[in-house]
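Given below, in the form of structure tokens, are the structures.
The two complexes that follow have chain A in common; it is paired with chain B in the first and with chain C in the second.
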Partner chain A sequence: MNKLLSNKWVITAFVLPTLLFFLGIVIVPLFITGYYSLFNYNGLINIADAEFVGAGNYIKLFTGDSVFLVSLKNTAILIIGSVFVQIPLAFLLANRLAKGIPGEKAFRTIFFIPVVIAATIIGKLFYYIFSADIGMVNAIVRALGVPDFYFNWLTNPATAFLCVAFAAIWQYIGYHMIILYAGIKSISADYFEAAVIDGATGAKATRHITIPLLAPVVKTCVVLATVGSVKTYDIVVSMVGSGSHSGTQVPAILLWRNLFKGRLVGYGSAQAFFLVVVCLLLSYLIARLFKKSEENASQY
Partner chain B sequence: MKKRFVTLLMVVSMLLGVMAFQPALADSAEPITLNLWHIYTDETDTQRIVIEEYIQEYEAAHPNVKVEQHILQDADYKNKILVEFSGTAESVDVFSYWGAGRAGDIYNAGKLLCVEDYMTAEQLASIKPGADNNFKYDGKLYGMPRSSWMMVLYCNTELFEANGVKLPETYDEWLDACIKFDALNIIPVALGGGVDDAWQAAFVYEALVNRIVGADAETIVLEAMAGFHDNDGFKEAAVKMAELSTARAFGKSPLEIDEFTSNAQFLSGAAAMRLTGSWFTKSIYELEESLIEGKVTALPIPKVEGGNGKDTDYVGGIIDGFFVNAATKHPEVATDFTYGLSLISGNRLHEIGDGFTAFNLPVDESGLYPLAVEVAAIANRAIDGFVAWDTFLPGDLADIHLDACQALLVPNADIGRFMDAYKAIFD
Partner chain C sequence: MNKRKIKTIITVIGLSLFALVQLFPLYWLFMFSLKSNTDILLSDNVLGWPTVFQWENYATVFSRSTIPMYFLNSIIYSGATVLLAGLLTAMTAYAIARMKWKLSGAVFMLFVVGLMIPVHAALLPLYQVLYSTGLRSVPYLGLILVYVAFAIPMSVMILTSFFKVLPRELEEAAVIDGCSIFGAFWKIMLPLIMPGFATASIFTVMGTWNDLLLVQTYVDVNSLKTITVGVLDFVGVHSRKLGLIGAGLVAATVPVIIIYILFSERIQKSLLQGAIKG
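Up next is the complex of A and B:
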């Protein structure tokens, strides 16, 4: 068997189908998208008849499309919220659960429930929380003694996207909690027992043992949260629609509108290509950022 | 019973009329399948019923022809058709679509059939003058008009009378009425311009443009796609719409509700006014949730003092109809089918007060609802008009317009930003 697997031709035969599949559905379309992005193209005519604009579509992204810039700002809000709010909260929950509490399994399931619910449903639930007319928030404020209180949380540009971000961040806390919980559970109890002997318990043990050893898992969570933020679409549409009136646009919605509704295939392709590059770049930067922590973790 | 018999007689005579206008098609036994794409998903909708009936009649008259329907909801349909036409759209022969800029994209790609080449002189003459303007490219007919619509201001007279509010004829009276109804906790104008119904917000802006800029100047700017920023009227219309929004003319949260909800607000008597197309008339009479039958009057869009809009200007016209794929294997049959379908549905919509037919052939108006008669009277005075911009502009530019109008529903909207948005369309 070993002899067989050391044969390069055999390895190639095993890898080739997957490689071809990957090339066909990811790499080739990516290059086609990059190619289309150089044209003023509506998808209805032959690409050979389309006007070549070179970097024109990319220049327009940053100089002639204020909505796209708003969508990038919103993505940044989502990334920051995911990395600095969602993952820390998920860690706190995971750490508490992993230490063992009564009803650990039940809590684990409860916290994970929002993840298995479709984002469109979560969006609608939060719509009913923040809606000005029928929403819970306004009703609670009124019940607390401000009878005339009325605020358009979802259509006021100052609050609309924050409400969406709140919902998006809340939904996936359980997702990261499960990943981190599994990571914490996989840390050998020996470390913690040794720490107890050295006098390090509670927060100290978390800081000096759990967090350093969890670095590779945290990295995975950060990559998933970041890429997930860039791809956000459904929860925004179900909460506030696809319009840009309240500053709630995200790149995926713009992509859909440009490529399918607006027939701006060339421009939409430039946005898509740019986002792919951003995702790859962010993944690389995160990998670099965690490189040292991962090396330290592997030395344990 | 008698009314049904008369209606049946009219339908039969209409069908016979259509057959009489048909060119002599090759009496071939070759089996032909026509793929018809449309958006009429509701099986109880008049349009859908007319289509089903016409298909049955057509198949009976042409035994070798089989018509297959492909039906999708409006938003999905718009996307799907364009995806189909990204290629050769082999599975599309006849399709409902919007003329001018939208179909213009498909025409520019050389994928629309010039139906004029397959129509008889009688068929061409049966279309009312000007009714096919949005279906012509380079002077030739590429699509079949069906019926026109007109924007009117539906007013709940019971609410107006009970609260001593004057029916608005001018913008100032309209604003005043809105302020009074808002103070009474009655929704002044039911408008669901949020979620993905931004066209309702655009309706308000287009109504004000019609009265301030005037239909003639509006048409020149839209057709030339230039001059928007040279005419202060376009900005004034935005200012006035923002003024209405700030006065809560459209309720407290028009961006949170959709068309369905705003219809319900008006039909239940919770709202005093509804600015929408003439197609809404039949909802007042036919929908179960309507509590306002007999309590509604239709008014033209309020005039704006000092505006260039004439009393005879209107918002509306003919923009949607049926088109034929240039790649169809059966251009003659497809054109013949499309002409008959357009004629019958246009006339039927006219008969039920849903629109005004694009054809010269006789129509039975005896069954019109009283409110439809009122709307028809307004339509009869109308001369110059322009259709909804989002149906005229190409898709990407339509989105810019819709987004900008939606932003005017936010209190204290930024007018400068609104005007800047149109630089992408008109500069």
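Up next is the complex of A and C:
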């Protein structure tokens, strides 16, 4: 049997198709994008005839493109919102549900419903919710006692992207809640019983048992939320449009326009490659950041 | 009433308020979809019930709109991607979990890192390849291949973790009985990892069904686009019939919610396995 499981032909037959698929469609194009990013290339001519600019496109990202910097700021808003609002909120819900409460299963199912709806649809829904004339938000404020309240949430540059971020955070609270819920449930009851003997219950037990032991799961949530924030595209396109005023731009929209509409293929490729580096780098940094608390968690 | 009971009641009220925050926008959309334009534009009825229920909005969506067609397309793309990605990654995951070869760890790492790579990085070169090979003009196929490739990393990771916990005696017995390794894989192992297959498929479907970027990039022909583009298109075409737009959004959402509620335990469990094991 072992001989059969180390037969080279058998292994090749099982692995090669997937590997070729993945290399051909994901990895090779990734490097081609990296290569294009070094040229002043419009996508129409042969790349060999394009002007080589080296790091020029990357320098332009940070010195000659204020809209791109705005899009990075917006990405940062999404990351901060999800790490410091969405995940803590999800934790509070998960922690409360995991302790057991009447209707636990129903709450879990309800909190998760927005997650299964396409972000494109959520974006359109929130476009109407924040609409100045027919929107739910203005109507609620009016109903709460400000009869003439009228505010244009999505065209005001100060609030437009915050509304998008609100919708994105709202949609995925349930996702993180489910992950954290399972993490908490998998902590052995012995710890909590021992804690009760030592006099630690409620908030104390949460602080000294649940949170430290949950570190690896929280790390997963933070990585998922961060990479997801960097990739954000659909919800912005459907909620405020891809060509709208620059205050709501995100990198994914800008690079798409450069690649497919603006004939700035070299520059768009630099933006795309930069996003890949950001995703890998942030994932690595998060892993480093959590390393110590994960080691502590595994000592138990 | 004792103190504990009061505390529980307060907690349930708090959680219910949060449930309201999650559900109210969807309820509001449903009411929106049943209103006439005058009802919607009449600003003091934004939160209220429709004065007259406009069920014909739904009749229009189902009989005279492109929403059902886009919906069907989404089913075709997702179904084909699930089958193709499932089969490919099951074989690879089996090789990673069970077979002995030097590069096993490296290949697995490749997929782990692949999970972090945003699809944007491959957009243009893939476009050029699909264009120059003519795959772009073959209905469905080009986009399905791209969906499959991006579904591979998660699926390999999930299925590998499922294969690792299966007892080795099973396929050994099958091989001793005269089965080939392919036969043992197909007849013994595949049926046993069906739960893993379900888990991986849920991730694949969520990625494929919700995609907007790739379908916008690679499909020109309207009749081959999916529900996400369809919804945006529908909103654009009917921008003056607000209730109808609402009905289109609800119609595109309700089947997904029904499937979710039917399989909610399975889906929630799958997401966990994906997140924790992955």
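Methods note: the second predicted complex is superposed on the first by the 266 of 300 C-alpha atoms of A that agree within 3 Å, B and C clash if a C-alpha of one lies under 4 Å from a C-alpha of the other, contacts with A are read in each partner's own complex, and residues count from 1 in each chain.
We take it that contacts are C-beta pairs under 8 Å (C-beta built on N, C-alpha and C of every residue); 3 or more make two chains touch, one makes a residue touch a chain.
Computed from a predicted model, the values in this text were never measured in an experiment.
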{"item": "Chain B or chain C, by number of chain A residues touched", "value": "C"}
{"item": "Contacts of A:76 with chain B and chain C, given as first, second, both or neither", "value": "neither"}
{"item": "Contacts of A:260 with chain B and chain C, given as first, second, both or neither", "value": "both"}
{"item": "Touched partner set for A:28, first chain B, second chain C, both or neither", "value": "second"}
{"item": "Contacts of A:276 with chain B and chain C, given as first, second, both or neither", "value": "second"}
{"item": "Which superposed partner A:2 touches (first chain B, second chain C, both, neither)", "value": "second"}
{"item": "Chain B versus chain C as contact partner of A:59, first or second or both or neither", "value": "neither"}
{"item": "First (chain B), second (chain C), both or neither touched by A:158", "value": "neither"}
{"item": "Chain B versus chain C as contact partner of A:132, first or second or both or neither", "value": "first"}
{"item": "Chain B versus chain C as contact partner of A:44, first or second or both or neither", "value": "first"}
{"item": "Footprint overlap on chain A, where chain B in one structure and chain C in the other make contact", "value": "43, 133, 260"}
{"item": "Footprint of chain B on chain A - complex, ascending", "value": "42-45, 64, 67, 131-133, 150, 152, 154-157, 240-246, 257-258, 260-264"}
{"item": "Partner chain A, residues of chain C touching it in the complex", "value": "8, 11-12, 15, 18-19, 21-23, 25-26, 28-29, 32, 40-41, 43, 46-47, 88-89, 91-92, 94-96, 98-101, 107, 110-111, 113-114, 116-127, 129, 145-146, 148-150, 152-153, 156, 171-172, 175, 181-182, 185, 206, 209-210, 212-213, 217, 227-228, 231-232, 235, 242, 245-246, 249, 252-253, 256-257, 260-261, 264, 267-268, 271-272, 275-276"}
{"item": "Contact footprint of chain A on chain B as seen in their complex", "value": "78-79, 82-83, 85-86, 105-106, 108-111, 194-196, 198, 252-253, 255-257, 394-396, 398-399, 402-403, 406-407, 409-410, 424"}
{"item": "Parts of chain A lying in touch with chain C, wherever the complex brings them together", "value": "1-2, 4-8, 10-11, 13-15, 17-19, 21-22, 24-30, 32-33, 36, 43, 93, 96-97, 101-103, 107-114, 116-121, 124-126, 128-129, 133-136, 138-140, 143, 170, 173-175, 178-179, 182-183, 217, 220-221, 224, 227, 230-231, 233-234, 237-238, 252, 255-256, 259-260, 265, 268-269, 272-273, 275-276, 279-280, 283"}
